[in-house]
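Below: one structure, written as structure tokens.
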Amino acid sequence: MDLAMVGLGRMGANMAERLVRGGHRVVGHDPSEEAMTKAAEKGIEPSASLAAAIDALPSPRIVWLMVPAGTLVDKLIAELEPLLSKDDIVIDGGNSMYKDSVRRAEALRQHRIHAVDVGTSGGVWGLQEGYSMMVGGETAIVESLKPLFESLAPAADKGWGHVGPNGAGHFTKMVHNGIEYGMMQAYAEGFAIMERKDFDLDLHQIADIWRHGSVVRSWLLDLTADALAKNPSLEGIAPFVSDSGEGRWTVAEAIELDVSAPVITLSLLERLRSREQDSYGDKLLSAMRNEFGGHAIKKG
Amino acid sequence: MDLAMVGLGRMGANMAERLVRGGHRVVGHDPSEEAMTKAAEKGIEPSASLAAAIDALPSPRIVWLMVPAGTLVDKLIAELEPLLSKDDIVIDGGNSMYKDSVRRAEALRQHRIHAVDVGTSGGVWGLQEGYSMMVGGETAIVESLKPLFESLAPAADKGWGHVGPNGAGHFTKMVHNGIEYGMMQAYAEGFAIMERKDFDLDLHQIADIWRHGSVVRSWLLDLTADALAKNPSLEGIAPFVSDSGEGRWTVAEAIELDVSAPVITLSLLERLRSREQDSYGDKLLSAMRNEFGGHAIKKG
Amino acid sequence: MDLAMVGLGRMGANMAERLVRGGHRVVGHDPSEEAMTKAAEKGIEPSASLAAAIDALPSPRIVWLMVPAGTLVDKLIAELEPLLSKDDIVIDGGNSMYKDSVRRAEALRQHRIHAVDVGTSGGVWGLQEGYSMMVGGETAIVESLKPLFESLAPAADKGWGHVGPNGAGHFTKMVHNGIEYGMMQAYAEGFAIMERKDFDLDLHQIADIWRHGSVVRSWLLDLTADALAKNPSLEGIAPFVSDSGEGRWTVAEAIELDVSAPVITLSLLERLRSREQDSYGDKLLSAMRNEFGGHAIKKG
Amino acid sequence: MDLAMVGLGRMGANMAERLVRGGHRVVGHDPSEEAMTKAAEKGIEPSASLAAAIDALPSPRIVWLMVPAGTLVDKLIAELEPLLSKDDIVIDGGNSMYKDSVRRAEALRQHRIHAVDVGTSGGVWGLQEGYSMMVGGETAIVESLKPLFESLAPAADKGWGHVGPNGAGHFTKMVHNGIEYGMMQAYAEGFAIMERKDFDLDLHQIADIWRHGSVVRSWLLDLTADALAKNPSLEGIAPFVSDSGEGRWTVAEAIELDVSAPVITLSLLERLRSREQDSYGDKLLSAMRNEFGGHAIKKG
């Protein structure tokens, strides 16, 4: 198939490359010269503008957006809309908030343009191992894009699926990331307990043992074993954990749906906590203890 | 009544003083010379040894232990046992683990000595405002001690009660402290949220407003307002919160009883967290994110 | 002072009555005939329409809204706007989301109308004990309303204050309610632990003991003691806990501010959990245990 | 090698069978006639008594206990001790509390008998896929047992290791199970969120998509997909989740080590919560809301 890949950062470039390897023709666009040059080396046709990229495609045009979630997606869709025609397809493969995807699909529908939202998992390993994709959109449209998903996935019939209407793809990916937060935190706590214990355990060895035959084996554990092999004491790494939005959305969504999700929620809160260097709440607790019990305050 | 107060630290000395004010005769013993001298100034009769303190009392002897929970209580009871006779009473007013109180009461019963466990709340304010006391023990024995409790309590008929058999007093006090952890953490979180918000709120003012007419008014809030009046920015206070045992016991007890108590539990965990300067778990999370997503690691 | 009270439900009627008792003239409006009749009996001047209520006031007009948060407030402000003139004041004393209050104040400012947001605590007890009020708005405007707050508060100089600009009043009240959730949950857990323990404790007695001299004494504990006095076994009460919005907002705000607030958050989640009669998550856990361990599944 | 397997329940019988397949000679003992008959069919030599089993072995004797954790292990060791001699080896492959394993090893050392603790993961799938084993004990002893571990593990050099001194094996397995609780709860919450959402998602399809290429792929997810394939709506399964001890121990250990492990802890609490049909705490919350706000109580 022919398509335009808009956004040739780490994710977009790798996906475009995997599509090229799958026999597809990919026109690429990115504001960065460097990204464009690199993409060209991988067999992606660089295009200097959005308009030029669209022009280079047969009808119906397929435009795959692979850019950071948020206003940039809205901006690009606004630019694309006059360039596109009836029956063209805009795919958002980034980590957009699913409500935004529902809204955008409705807006594009006014112009008879089809939207598809693809929740994409796999990170930097996707190029080699294939991407897991949860696809939201109209059935006929998703069906028409099947060759793309089959090339991107780990196998033609594995790791991807049409999960529901517009928004359902990003919704499912959002929950996927919420689960990921919980799993990561579970491992992190377990290893922290073992690290503290005076059995002098070799944490890399244990991660490696668990990779085979244990109930907790997983791809995240494989990565943990890798990380511990390289840097067993995690030296030089700050205890500072970022979050990228989807955990927050999952927590908010669970509350909106009246579902109690304590573990996913606490996983997010621990990340916030990791970034509080000087917690006001903890200072106040210390001050309160001093007030009622005369307990000594540790000087800060 | 006549009694011996063993342990004239902050709590023991204040309680002995309040008993003296209530018209009771208090023989006091403490290994610290300074504590003994101070006690004497308050009308407490200093006694150089446990044996001398016991000798100074009419039968049945009443010995009130006010010492740190743990092995010291066992040691003192072992020393007291040969000095005491049938019908004498040993009161443990400290923060003993309630299972220890059950065990000790059974052991003393072999010698026909009566044990009473008194969970005591009130901290440094008890001398002035009276102590809240939850009493565990045999009904007739607790009844016989009524004049003591009436003097120690905020009012003769307020703030104390016989709550159950041996151990029930310390059990109730343990749960009291678990609740205290949860309340303190709730306030701490609320004030931390307000402190972070860019409304430039005066947290002392808000604590003070809430003290009158609001749903969250409480004695802990009064103390919080005091603390914020003295040191609104909590300068010089480390975000480091100690815990003294009863929170842990409450958490363990809840689990033992199959009662889910997330708020009391998380209050304890936040105190542990406040003392982790360099969380291994958070470092591992950061390393994992780097492995799968190529997310930058913050250097530590 | 003269003012219109719009909304004569439980809260509005009580506040209007307390204002009348304080010597103010209150014109009242409510769509319910019954509410209007009752209000008239308390010395409130019933007014058949918003327009009539406004007409009955001297300039600058003061309109106090005491209605459920949400679209009704917007609707009323839209109706009021053409009826009001430069320098008039609209007070929102309900539980509005603080961001709405910021937005509304900005919109009213275009018409030179002043907005004031009053976070009001005290519930059904406010009529008798006075209300705790956190006030947001312009300094001169809030100052001009002082006689109203002095009458509504527990005492002229207690329980109320001007805490910041528009929105700050409702923000502070929102956090107040978040803290309330945490405190309530802490008590609930503690009493649940005591109820489960085989010491056969009298929970009303214990609540009553703690009311005097203990660290956990509070107004919420007073109410708990009342509830347990009336119905010690809580018979006929479903384990089903509603929530009214401000807890959710506090949780969302904490996350937005990157403040970890686990106890307030878990207090909300426990309320959601109380309403899940047939948790899908728990069923799935049971199914998973069966898959890997052959553990028996309990039939549902 | 020659060894006795004591306990031929699901785990013991499967492990003995895998050892027989690996070329080892296994003498088996179990109080159940049926278990003994079945074991004989798999090539295990049934032995009517512990003494007979020991007698059937060459020196040094190797006895592998595979029985429920707790007093039964102590009872069996007490029976074995007079039957064993210097240099014999007792392996505990069950889920014993690690502190018990430390204590037992010390006691056996007085008799010059060696103890080895093997934390064993793999459940009902171990026979076919191999067991993951974390081994605690003296280096030379563990080394001498290598052929057994190589046969039981998924591959000779995969899925097992000598992790530390006596107790370290069971400690590591305990933490493994704590992590398992957290992972399971993370999945359960995520699927519960998706189940509640009105996108009409096919949860089995999504589990299956995620198995390939996604960040959350794992063996537990494979099992979840299996469970959802068989029973997508989880009909007939009660939302009632048991726990088997190691989760509790992990939570207690984390607190003892001053490590905050909120996700593992909350995973346990959710299991407790799943078994509370009629939460006293939630009733009390409802009663409290009624007291201060006049909020309606749902009749129970």
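Note that the chains take the letters A, B, C and D in the order they are written out, and that residue 1 is the start of every chain.
Rule of thumb we're sticking to: contacts are C-beta pairs under 8 Å (C-beta built on N, C-alpha and C of every residue); 3 or more make two chains touch, one makes a residue touch a chain.
Not measured: the values here are computed from a predicted model.
Common neighbours of chain C and chain D under the contact definition above: A, B. Compared with chain B, the chain whose C-alpha mean position is the greatest distance off is A. Pairs A-D and B-D differ in how many C-beta pairs touch across them, and the larger number is found at A-D.
Note on chain placement: the centre of chain A and the centre of chain D lie 34 Å apart, centres being C-alpha means. The distance from the centre of chain A to the centre of chain B, with each centre set as the mean of the Cα atoms, comes to 49 Å.
Measuring from the averaged C-alpha position of chain B to that of chain D gives a distance of 39 Å.
Chain contacts: chain B has residues 123, 185, 187, 189, 192, 196, 215, 219-220, 258-259, 261-262, 266, 269-270, 273, 281, 292 touching two or more partner chains. Across the complex, chain B meets chain D through its residues 215, 248, 251-252, 255, 258-262, 265-266, 268-270, 272-273, 275-276, 281, 292. Residues of chain D touching chain A in their complex: 121-123, 126, 129-134, 153-155, 158-161, 163-165, 167-168, 171-172, 175-183, 185-187, 189-190, 192-194, 196-197, 199-202, 205-206, 208-221, 250, 253-254, 257-259, 261-264, 266-267, 269-270. Residue ranges on chain A touching chain B, taken from their complex, read 10, 123-125, 184-185, 187-189, 191-192, 195-196, 220, 223-224, 226-228, 231, 234-242, 244, 262, 266, 270-271, 273-274, 278-295, 297-300.
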